[in-house]
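Listed after this line are the structures, all set down as structure tokens.
Next come two complexes, and both contain subunit A; in the first it sits with subunit B, in the second with subunit C.
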Partner chain A sequence: MAPLNMVFGSVLRKNIIFNNAEVLYKRVNLVNAYSMYGPQFVEPVYKKDKQESMYESGEIENILHVPVKAARVDATCSVFHDELVRKFTNLVMRDGRKILARELIEEAFEKIKRIQLQRYHSTEDPEKKTSVLTDPLKIFHAALANSKPVLQLTPIKRGGVTYQVPVPITDKRSQFLAMKWIILAAKDKDPKVHFPEKLAWELVDAAGNQGKVVKKKQDLHRQCEANRAYAHYRWS
Partner chain B sequence: MRLNCNLKIPARVPQKEPVPFKEILPLRLKETVSGKGDKTSDVACLHEMSIMFACFKNNEFNQELCSKEISSFQNCYKDFQNKKNIKKRQEQKGILIPGEKNLTHKQLNTLLRRFPPQ
Partner chain C sequence: MVYNFFKNLTSEATLRGISSVLHKQRLFCTAAQASQILATNEKHITSFRTAESNPLKHNFDHAYRFYTIPVEVKNQLFQHGGLPKYFNEQAKAFMETCVMVRDPALEILHYLKTADYSRPAIRYVIYGESGCGKSITLAHILHYGLTAGFLLIHVPWVPNWMRVCKEVSNSATREGYVDLNLDAAEWLIHFKNQNAALLNNIDLRVSKEYAWSKREKTEEGVPLLELVEHGINRVKYASECVVALVKEIKLHSTQGRCKTLVVIDGFNAFFHPRTRVVTAEKIQVPPSKITLTEAFIEITKYDWCNGAVILTVDKTGVADDRRESFLPIYQLGKEGFEHLDPFVPISVREYSEKELESCLDYYVDRRWLQNEKSFTEEGRKELKYLCGMNPRRLMHVCAPL
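Entry: the complex of A and B
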């Protein structure tokens, strides 16, 4: 690390005062030390609509003549690709059996479609009929959004007593917790029931802002609220 | 019998006023500052959190009715983290920013190195 700092130092010493932080970010490219790509490489944009929007906004000019990292094997411009579903599949996967995990999720989506179509046809009021979501992807997104917690409890030791302290969490962490809870809720089932079926029901319930996962999130929030007096204890 | 009597070592004399001054450390400021007392606390957004909790309690933990409070809390935390990251990076390099009021010890040291105390 020392020689790197020296190099940075020698480069930076010429103009060590920057006007603001943005300029600082542009000049100093922080790179993972063992990355196979240099700091000039940018992440690939593999979605067509994203590319088009970049062309429209003129943002593409920044990366048009810059080397691009190789796209990952699961990065595809297919209309069926969804970033959150991809992540969820990876969390469902056990022992690297990705094909199985993907099949399970596809089956769950099919089940969601069936459940929602049944609901759609059973509702007679035409106004209510339009409000029934039948797109499993939309249901999935709604379910995730409804099960994302805002806070978390962390144990912090103060004077020999461990307090459960409510702390804010990042968006990524709350997304992970939501996915984990949904999967755990789906796994907590009768052995005769298949995982995709239970998963479908959990997702439909969570999309309707009810069910096990949403209750778990609300319980966590309740606990955080009860422990709000400890909120000023944090790593310090 | 006491030892002193035989050896004729004088007993400790009482200190006479004025006490002569002895300079143990040089009597001027160092050219650097240490970063020992430079620990910032990790606590942020307490006010936003309490507002959010109040809203939660009023609406029986229904998040839809508290979306404004939640988003303000999340934005506050995001802001705090961004600032912390930027500060950390600057701290590592000791880069100075004009108009900055709270300098870190590394920033202070670069400043002191540029303009050493006379």
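Entry: the complex of A and C
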């Protein structure tokens, strides 16, 4: 980051110190080369409730008279739209077949509901009954939260030897890893089992803090713990 | 015959004319009764559910509400098909089989209650866009038929025979005809399952001797169930048994020994020239050359009485060159229309506003709608918009939420 900060210091004549890329992108509207939008364009706000809250807090004043980028095709103002599910759909998608990917996920959600409803109806104890989650969206979020790692191993070469060094990772990276692991776990199946069905089971398992994905996360954490002696190689 | 035909027609016309008046009268006379029922079952005081699970008592007070089909009735009626596959899955997830009491079913029930059974059998043809509830309406009527003591002749889905028949063999008795032995036997089992209890009560006997082969024959005067049993045990003669059975029932019905309710789903499949039934010589067989067709064409004629015929025409039941419209005249074709004419057309439409609300409430009650947003006014509005008031589409739209 240091050389970048110097560059920006000289170009923008501002002494701003950015310690990570995200802050940098926010402060300076970095634009892709050949982007159809100039640097003055802002991202669209396509959610109704977000717009309303922006009006209430007065935040809207900042972007009211600024050109806005066109909304993406998957940006919908539907009340059922969920940003994480959208992201997950894009990771499930292969060869741009988004409709198929969306159908698979919807089918998985339906299956989750069936699994959990059966559990709900089969538990007799009324106290336990209320604790059975039947909302597929909540289960998805819980599964994702339970599968997110906090550390990762990076190969770093010191003195001719490559060490697996534990490094902290960003929230975005850990979210990506969690999604990737869930999808990989769901694809590791018998050819007769359909993807949505296995995905449903993986999500239900992960939401209950068990199953393949959570084990994978725990293994990684254990490995990081074992390699803690190499941690200093990250900076020295 | 022509006289009967016209008489039939006029009775239908008057029925249709006075039906609306009667509805209003019924509204007043049964209000007290309905409130009593509601008071006794406090658990069921909900706007979307009715405790009245006896279709004999269903009237316009129960409209747009769900009623539960008891498990034993479901097992008796629908063990071998009759409910759509996805509907069955839903029933499993909901831990109960619930059917909404809707206008077309109530209309037919009203006609069935008030019709003059000494006149020729009235044919009712249910039609509508796919996914609007034709088969579910049939299920409701079938339940009525069972409780009202009708002998049921129910074909769950005719296109099953025309598309995915299990076995094809040339008929031994009829030249150029084809038997679907396993399907016919399966239907006989279905028939037996639905009607065994009734047939044990009323004594129906075979009216003439049927000689199946040199050694095998069904004597005159044996119970009708024996004929059914013969078809099930000797699969080779199953198709002929179905034809014989249907003719026997028609005869008994005409003579007033039993009341018969004929319920056939996907009836237009009998009149589409293309089928997937192929003989050993790889020649496609039209429905008119299938023995089973003859039986059900026979029972849907109007030359018998003491019965009613309820059919559906469904555009998903035929090959894709006849899917432009769901209207009976188009779906049946010239031949089919002339066969059924005159009939009472009953349209099954998309959900009305009230029905949709009641259905959504039911889904929330069964924990099928889980997304927090679907409880809000905005969410419900969106669901309504997405499904276009089509019941099946609503079911699919709600599935991942």
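Throughout what follows, the second predicted complex is superposed on the first by the 201 of 236 C-alpha atoms of A that agree within 3 Å, B and C clash if a C-alpha of one lies under 4 Å from a C-alpha of the other, contacts with A are read in each partner's own complex, and residues count from 1 in each chain.
Here is the rule we go by: a residue touches a chain if its C-beta (ideal position, glycine included) is under 8 Å from a C-beta of that chain, and two chains touch if they have at least 3 such contacts.
None of the values given here were measured: they were computed from a predicted structure.
K.L.:
Can A:121 be said to touch subunit B (first), subunit C (second), both, or neither?
P.N.:
second
K.L.:
With both complexes superposed on chain A, which partner does A:69 reach: first (subunit B), second (subunit C), both or neither?
P.N.:
neither
K.L.:
Using the superposition described at the top, determine whether subunit B or subunit C touches more residues of subunit A.
P.N.:
B
K.L.:
After the superposition on A, what does A:129 contact: first (subunit B), second (subunit C), both or neither?
P.N.:
Neither partner.
K.L.:
Thinking of the overlay built on chain A, is A:50 touched by subunit B (first), by subunit C (second), by both, or by neither?
P.N.:
So A:50 meets neither subunit B nor subunit C here.
K.L.:
Touching A:187, do we find subunit B (first), subunit C (second), both, or neither?
P.N.:
A:187 contacts neither subunit B nor subunit C.
K.L.:
Which of the two partners, first being subunit B and second being subunit C, lies in contact with A:137: first, second, both, or neither?
P.N.:
A:137 contacts subunit C only, not subunit B.
K.L.:
Residue overlap on subunit A between the subunit B contact set and the subunit C contact set?
P.N.:
Dual-contact residues (subunit A): none.
K.L.:
Would you mind writing out the residues of subunit C in touch with subunit A in their complex?
P.N.:
Interface residues on subunit C, with respect to subunit A: 89, 93, 95, 367-368, 370-374, 376, 378-379, 382, 399-401.
K.L.:
Residue numbers of subunit B touching subunit A in their complex, please.
P.N.:
It comes out as residues 39, 41-46, 49-50, 52-53, 56-57, 61, 63-64, 70, 73-74, 77, 81, 86, 89-90, 93, 95-98, 110.
K.L.:
Which residues of subunit A touch subunit B in the complex?
P.N.:
Within the complex, subunit A touches subunit B at residues 5, 8-9, 12, 16-21, 24, 28, 30, 146, 150-151, 166, 168, 170-171, 209, 218, 221-222, 224-225, 228, 231-232, 234-236.
K.L.:
Which subunit A residues qualify as touching subunit C in the complex?
P.N.:
78-80, 105-107, 109-110, 113-114, 117-118, 120-121, 134-138
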